[in-house]
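Each remark here refers to the structure printed beneath this line.
Naming follows writing order (A, B, C, D and E), and every chain is counted from residue 1.
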Amino acid sequence: MSGLTDNLYLLTPEFALAGLAFLVFAVDLLLPEERKHLLGWLAVLGLLGLVVLSLLLLPGKEATLYGGLLAIDGYALFFKVLFLGIGVFIILSSIDYVKLHLTHPGEFYGLLLFSILGMNLMAQSRELLTAYISLELLSFSLYVMVAYALGNPKSNEGSLKYIIIGAFSSAILLYGISMVYSSLGVTRFEGISAALSSITDLRPALWVGLALIIVGLGFKLAAAPFHMWAPDVYEGAPLPVTAYLAIASKAAAFALLLRLLAEAFVPVGDRWDQWQIIVAALAALTMLLGNLVALAQRNLKRLMAYSSIGHVGYILAGAAALSPDSLLGANGIIFYLVGYSVTSIMVFAALIAFFNATGQEEIADLAGLADRQPLLAMAVAIGLFSLGGLPIFVGFTMKFYLFTAVANAGFLWLAGLAIFTSLISLYYYLQVIRQMYIQPALAAPLPGEEDNPDNEHSSAEHTHTPSHHLPHDDYEPLPRPPAALLAVVVLGLIATVALGVYPAPLLELVEAASAAILPGG
Amino acid sequence: MEWAWLIPVFSFAVVPLIILFGKYLPGKGSPLAILAIIGGFVLFWVILFGFLNATPDTENCHIAEKTGALTCSYQRTWFDAGFPGTDNDVDKRVRLTWGIIIDPLAIAMLGLATFVALMVQIYSLSYMKGDARFDWYYAFHALFIAAMLTLVLADNFLLLYVAWELVGLCSYLLIGFWFERPTAREAAKKAFIVTRIGDVGLLIGILLLWREVGSFSMADAFVAAQSGAMSQGVATAAALLLFLGAMGKSAQFPFHVWLPDAMEGPTPVSALIHAATMVAAGVYLVARAFPLFAASGDALLVVAIIGLVTALGAATIALVSTDLKRILAYSTISHLGLMMLSLGAFGYTAALFHLLAHGFSKALLFLGAGSVMHATDELDIRKMGGLRKVMPLTAILFSIGALSLGGIPILAGFWSKDEILIAVNDHLHPAFIVLTLLTVLLSALYMARAMFVVFYGRFANAQEHAHESPPLMTITMALLGVLALFFGFMAFNWPGSYEGIGTFLFYDHPEGFHFVWWLGILSTVLAVAAFGYAYLAYVKRNDGLAGLKGRFAGLLRVVENKYYIDEAYQWSVDRVALTFSGFVAWLDRAVVNDVAVNGPANLVRRLGEVLKLHVTGHVYSYALAMALGLIGLAIFWWIQSV
Amino acid sequence: MVPLVYFQLLSVALFIIGLYGVMARRSAVLIVMSIELMLNAVNINLIAAASHREGTGSFINFDGQIIAIFIITVAAAEVGLAMAIIMRMYRNRATVNVDEIDLMKW
Amino acid sequence: MSNFDQSALLLIILAPLAGALLSVFLPRGRPNDAWYFAIFVSAITLILSLLLFARYDFSAGGYQFARTYEWLDAPLNIDLSLAMDGIAAPLVLLNGIVLFGAVLISQTIKHRTRDFFVLLLALGSGVFGVFVVQDLFFLFFFYELAVLPMYLLIGVWGSSTDFGSFVRTKEYGAMKLMLFLVAGSVLIWIGILALYVAAGQAGSPTFSLVTLGELSQSGHFGPDFQNWVFPLFMIGFGVLAGLWPFHTWSPDGHVAAPTGVSMLHAGVLMKLGAFGIIRVGMALLPEGAAAWMPVLIVLGTVNVIYGAISAMSQRDLKYIIGYSSVSHMGYVLMGIATLHPVGLTGAVLQMFSHGIMTALMFAMVGAIYERSHVRDITVLNGLMKRMGTTSFFFAIAGLASLGLPGLSGFVAEFMVFTGAFRTYLPLAVLAVIGAALTAVYILRLLARTFFGEADPQWEHLTDASPVEKTVGAAFVLILLFVGVWPAPLTRVINVSVESALGLF
Amino acid sequence: MSWFLFAILAVFTLGGGLGVVITRNVVHAALFLLVSLVAVAGVYLILFAEFLALVQVLIYGGAIIIVLLFAIMLTRTAEYPHISDNRQWPLAAVAAAGVGVVLGAAFWIKGVSQSAPHSPAFSELANSLFTRWAIPFEVASLVLLVALIGAIIIARAGEDNR
């Protein structure tokens, strides 16, 4: 059938990405064990090349391939660059980790590249099956990468839980797809929206099907009540993979969800007005649960897991604020995703560096980091302040933007709840910062301090003593993190501040992206 | 006359100089202070004669309504508060001014203040010699006198209040001058706080008047009060509130407790501040605001009653006190009470006349006590006696003061007191005159007691080393003594040259000098009898007194304990105030903070601890949760769709 | 002629049986089997829908069957990977019972 | 308009921020370098603030030095628009002074000095920002920026104290302060969003204070709307202003905070709250304000009395001053709530005067604590002998705070009373009595700590260092100057008070 | 006739399914699964989806069951013959029933009025699979590749991590 495969060249980046993955596998065979870290640099260079390629090739291109399976538009381009970028930074921050703690580096990077491919396709696909398959490509890579610390039972357990729940939820997702298909006969997004707005006697099967699809995606987003896998998997996974899960797979899932909502649901008008409240309810539950439970965490990865659940809640609130005639909601979500990714990458890079040096990952282990390795401490602190929504960092600006959108869509209560929960989140972020800056180095946490971090006797031993009289010299400084991690951290710092102070340029791109999926706006 | 504002400014100016450079200046800067006050004293005469020559049509001068006195006032804007603009408007803005008023009252006070201050400062040169904080002493002195002069010159309530507070501050600083002594420290605190209570009333009164009048100018307030633009009730309230302030400053019952303790300060300070000038400020205030008081009769009655109670109570305590300075302090209180009483009895002239006479005499007495202290380092009169042998000059001068205040004829105190008796007799219930006469008797008695016990009778061997004080001290005392002797004649009408003080210091209408024979004789008899009895009791030592003491032992104890008023205060402060504040502080920490603040915080944290249990770690319960969520979501979606 | 609804009800029944299995079983292997049941339910549903022409004639397409093919493929891959992980688990912990696999919780 | 006027406001915000960023690159472990650099930066801001205040044309009044920088266009419409009016001018000056003083005093910070000054300067920049921005987004932005550093400043450089019956750790103080202030900003944020939405429904979605003001005057914000939104701002900003019963963060924060931080916290930070109520609440929601002011003035009076009474029985110097701050902020709140020109002028003046006075107190307490490591007034005594200058300066500050005429405190409080007497007579009387209570605890403090004979254990105490003397003397002079001649401040405040109250 | 077939197949499908989730013996469960899957293939047949039926039998009946049995043997634990359900199985039953009610109702209400089943020509199927669905097809192959690599890395014995 002609016409289907016209301007196939627009998919060059995807094919090139797959090619890059195979190249990595190939080179892997040639390199001796001690040189394998070069694969990481190879992947980084390749990804950067792909960024350049995409930026040369795609801007301004508007097309749908294969009769509406794939979209080539500003939205896809934006997320493509975002995902490639995330990939670059994740690889940069994992090179040393892989060298120190993991086997099979070649496969590791290869799988990572495949998963990036999957994410790109998720952002591009405009049809349920294509979306599903791309999502599975991402998920499968993640299943493997989570299990990558082979000897570590936690990693193993994490991947087992992940794949079981993943398969379970994809079964649900597929059942939803089947219901939609059996009641509309179409699986393309605009087909769905067209059918929704044209057909008069719609079947309940359709509604339930849509609900099931949302459940399936909700699992991928780790939105309550489909979130429970996240903490375990995050904790079990090797740190770079945790970072990747927290940042990339969430961003991809939202890229998919956003396109689905924007192209299939939002145009339907009054029905969407009724459905908004459902998303809002999910958002409220998610942000509350995530932030409250995070209060009780001791493990860094687990804390980041719950905090990311909280952020998912905020973004979902933004999704509830989508509207056919305003880009505010879409902008807010995309801006938030970018800001969240930037900040989290910085934090995780710092944590990875810390882990590489100490092998510790409990919050209490961070004690005195400000003295032992100030740069890392500053990065983590700034990152957490940013996630807590304080200026001059991007966290503040993105939250302000997103919550404004939410309020503007008539969900002032939801915005209020979001603001309140970010107050709660500030508390546990501050607990981490307290460990790094206030607790003296090497000071083992006092008994009872775990359950009550700011209780009275926590510093009864230095009453009436100004802190700067405390002996702060009994720490052993950490080695300077290697260049790759250093680069990530510094770039992250710069980006966090820059986006927080002057987001206008980024927001123009974001506008372009969201305009591509919400032509009405 | 428009240069009158320089009088305080002189002294204000020298304060920072002394504080900053005192250490390096000759005499630690004391000459500066004295120079300043000399300048003030000179200027006072200039102004006095300027004023005597002034007529209602001199510029800035007019006959004040109601008081009927010639009044000159000069003003400068201080600052505006509220919307920009010039005219006072109670809802838009208020203009605050530096303004001075020059009228007989102000001039009289000027004279008293500058003269006594001058005397005392000279006296202090040798009295305070060698003190570690000599320079600070003179700085505070200068500051005080500056504030005091501002106080008497102020033409609006706000400026008056400012000066009022400043003199209070100086009294605090000078009482606590030897702050190493716990007693001095506590006395200073007590003085400040007790007077402060009165000041609250004063401030409220002032603001109340502003609320009614829209400006802080006294004249406007009085006009409003007299013309009835201000309701009777408000006028009474305002008057009483002002009087509250006056009670604090002038140590009227029940605010008198601070003055005796204030004797912890250096004696010259007691002479200047706590006898002659500052404590008289209360009387001055009432006199100044007399139109307001006059507008509401009840206020005046209250003034009279308080005055009488104070006068009588203080006199009795003075009678049994054994500390020389405290005797003088209580006598001061008592005489201030008399002045208030007289004001309450429309005895405007009498009150002010007595204020002046008492000022000179009491200053003299304090300086005398000071020189005794200087000589003996002793204040307990029971350990003294026959000092006239060693310090004759002091003895004579002290006696003059005592006789004058004791009301022995031809001395100043006699005439002024006589005027008061007349006023009381004319305007108040007979009971008042009786009690007033009793007070007169008592005051004569305690004066005589102090005088005889200290200077006459058997020489107490405790004081061989005692000696006459240096000339600087005796000379100043002598000058005051002269005034104590002859100031009374100011009351008379010297045909041709001078018509008596009543035509200068008066309210509503000039008063000639008048004399009621029976009152005069009666008071004289009482005074003489008192001195006679004292002579027998303390010099000749016949033991009638002991029997008397024995008979009234119970009463005596009450009086010796100053009617337990201090104890009452102490109790109310310790038991009530501190307990209550302790309770509030506890409330703030235990309830507001630990419960209302930490409570919710901990609650949220506990909530997290509980909620986290839902992640069981078992994959099948995750699946279950998803299934339940699925059901909920599906139904929700379904409902929202149909 | 069996109406479409009955096929759909059949798939629902199979689906919830699988669902129950996932939620109720202890052995990871059994859970994976149950998931396979669910996927088959999906396939039944798709194929039934694909091969019934609707009276209102809104669609004739066999996308359903294609989707089913993909699902079968992915399911196979899933089982393979899951089994690998389970074996690794067995080697690490000597058990594959999910209620003993709770190192990480809360 | 000279170039200076064009960019002065941006400069004064950016100078400390730039200073902070540059300080990051100073070498570690060389405390003095960081200190000198911070002095340099804060001196610049001080000069800028002086120039701004001097060049503010009070005869013209209104907003001056206005300048708008494009930031975000539609759909959010956020601009960084700066302008300063007569209410902000004194506060900008205040911040310049106190920041400089705080930096000087912080000479004693020897541990992680660089980080300390980075945070301190960032805080200062945030405060400047709040005072001069004309856009709700940036107002909130700088507001949070001013709050953010407090946690670390207190947590790292603060001190924990054991009061026997209870303990206050620096962690606790810092955390409580942080959460309280951010909780307040939650309400503010919600209020801001509500305003934005309302403006959007009125057809021009914006955060610009100017535009919102026009909308509110053209009656686009209904009474009901104003009545539920205003309390958000009143309480939200009130928390920072120490509004009872949301004040407990303040004394505990002081007890934990290091000297320089206490100075900024009590001297400037708490003023942000009151300023916010004026700038946002009253300007945009006049009807709501009018409806809620009775509540505010009651709470303000409670502040005055409650703070004073609690201070009476405290034993820790910093607690006493902390509670006295609560009490004095009560006057500010009262002055605002009177909605009376004189009262409001007094409120603004009180912000200035209290800022200087309390900063001076904390500076001197810091000097004492540095040397004795004790703040318990029952343990300290006779300091007048050992540390004459310090005690003298402290005494002056104390007298100012008990409203002694001739010092700035009196003028301000007195104006507040005046306004209150016109509008809420009974409460005003209570407030005057509260002022008398101040005398009780201040004198008690002076008597216990500075007068009397000194214990031998205090023999070793040395008097204030030259730096401390400089700061103290400067602040004392300011107190005196304002007390004797407040016109330079009042005439500036008056004009803007007129425009602020024009809506009522 | 078709009713009869449908009933038979439904019985086997569900029976097999129930067997999987109820039996206490893991090996039996695998065999029950086989039964069910083959029955499903039969269902495909009466829906005229011969190709799918073929695929079903080959991949499921062939590959997957074998993999499962291998796994069972390699992870043989003592309790495989009498594996029990976990503690929450009653809850699970309730939840499953709930889901069933919702889904069933969703299908039952306003069920499709349909005409005779028909089937696409095999060639059409293949054609569209390799043209229109080319991208998913290629991605699916990548998925398989990933799974393959992953399975090798994870399951390969010996070298655990340092």
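What to note about this one:
Everything that follows uses one rule, which is that contacts are C-beta pairs under 8 Å (C-beta built on N, C-alpha and C of every residue); 3 or more make two chains touch, one makes a residue touch a chain.
This is a predicted model, so every value here is computed, not measured.
Annotation of subunit A and subunit C: jointly contacted by B, E, touch as defined at the top.
The set of chains in contact with subunit C as well as subunit E comprises A, B.
Note: the chain lying farthest from subunit B is E, by mean C-alpha position. Set against the Cα centre of subunit D, the chain with the most distant centre is E. A summary of chain positions shows that the Cα centroid lying nearest the centre of all protein Cα atoms is that of chain D. Comparing chain pairs B-D and B-C by the number of C-beta pairs in contact, the larger count belongs to B-D. Put simply, the C-alpha centre of subunit C and that of subunit D have 64 angstrom between them.
Centre-to-centre separation between subunit D and subunit E, using Cα means, comes to 69 Å. Between the Cα centres of subunit A and subunit E there is a gap of 32 Å.
Distance between chain centres (mean CA atoms), subunit A to subunit D: 40 Å. Contacts with at least two other chains are made by residues 86, 88, 91-92, 95-96, 99, 102-103, 106-107, 111-112, 128, 133, 136, 140, 143, 146-147, 150, 154 of subunit E.
The set of subunit A residues touching two or more other chains comprises 129, 133, 136, 140, 143-144, 147, 150-151, 159-161, 164, 168, 172, 175, 179, 182, 204-205, 207-208, 231-232, 296. Along subunit D, residues 166, 176, 179 each make contact with two or more other chains. Every pair of chains in contact is given here: A-B, A-C, A-D, A-E, B-C, B-D, B-E, C-E. By the touch criterion stated above, subunit C contacts subunit E in their complex at residues 1-10, 12-21, 23-27, 29-30, 32-34, 36-37, 40, 43-44, 47-48, 50-56, 60, 62, 65-66, 68-70, 72-81, 83-88, 90-91, 94-99. Of all residues in subunit C, those touching subunit A in their complex are 4, 8, 11, 15, 18, 22, 28, 31-32, 35, 38-39, 41-42, 45-46, 48-50, 54, 58-59, 61, 63-64, 66-67, 70-71, 74, 77-78, 81-82, 85-86, 88-89, 92-93, 98, 101-106.
Within the complex, the subunit D residues that touch subunit B are 61, 166, 176, 179-180, 245, 248, 252, 306, 309-310, 312-314, 340-342, 345-346, 382, 384-385, 399, 404-406, 410, 414-415, 417-418, 421-422, 425, 428-429, 432-433, 435-436, 439-440, 443-444, 446-447, 450-453, 485-487, 490-491, 494-495, 497-498, 501. Of all the residues in subunit B, the ones that touch subunit A in their complex are 602, 604-605, 607-609, 611-612, 614-615, 617, 619, 621-623, 625-626, 628-630, 633-634, 636-638, 640-642.
Residues of subunit A that touch subunit C in their complex: 129, 132-133, 136, 140, 143-144, 147, 150-151, 153-154, 156-161, 163-164, 167-168, 170-172, 174-175, 177-179, 181-182, 185-187, 199, 205, 231-232, 235-236, 296, 302.
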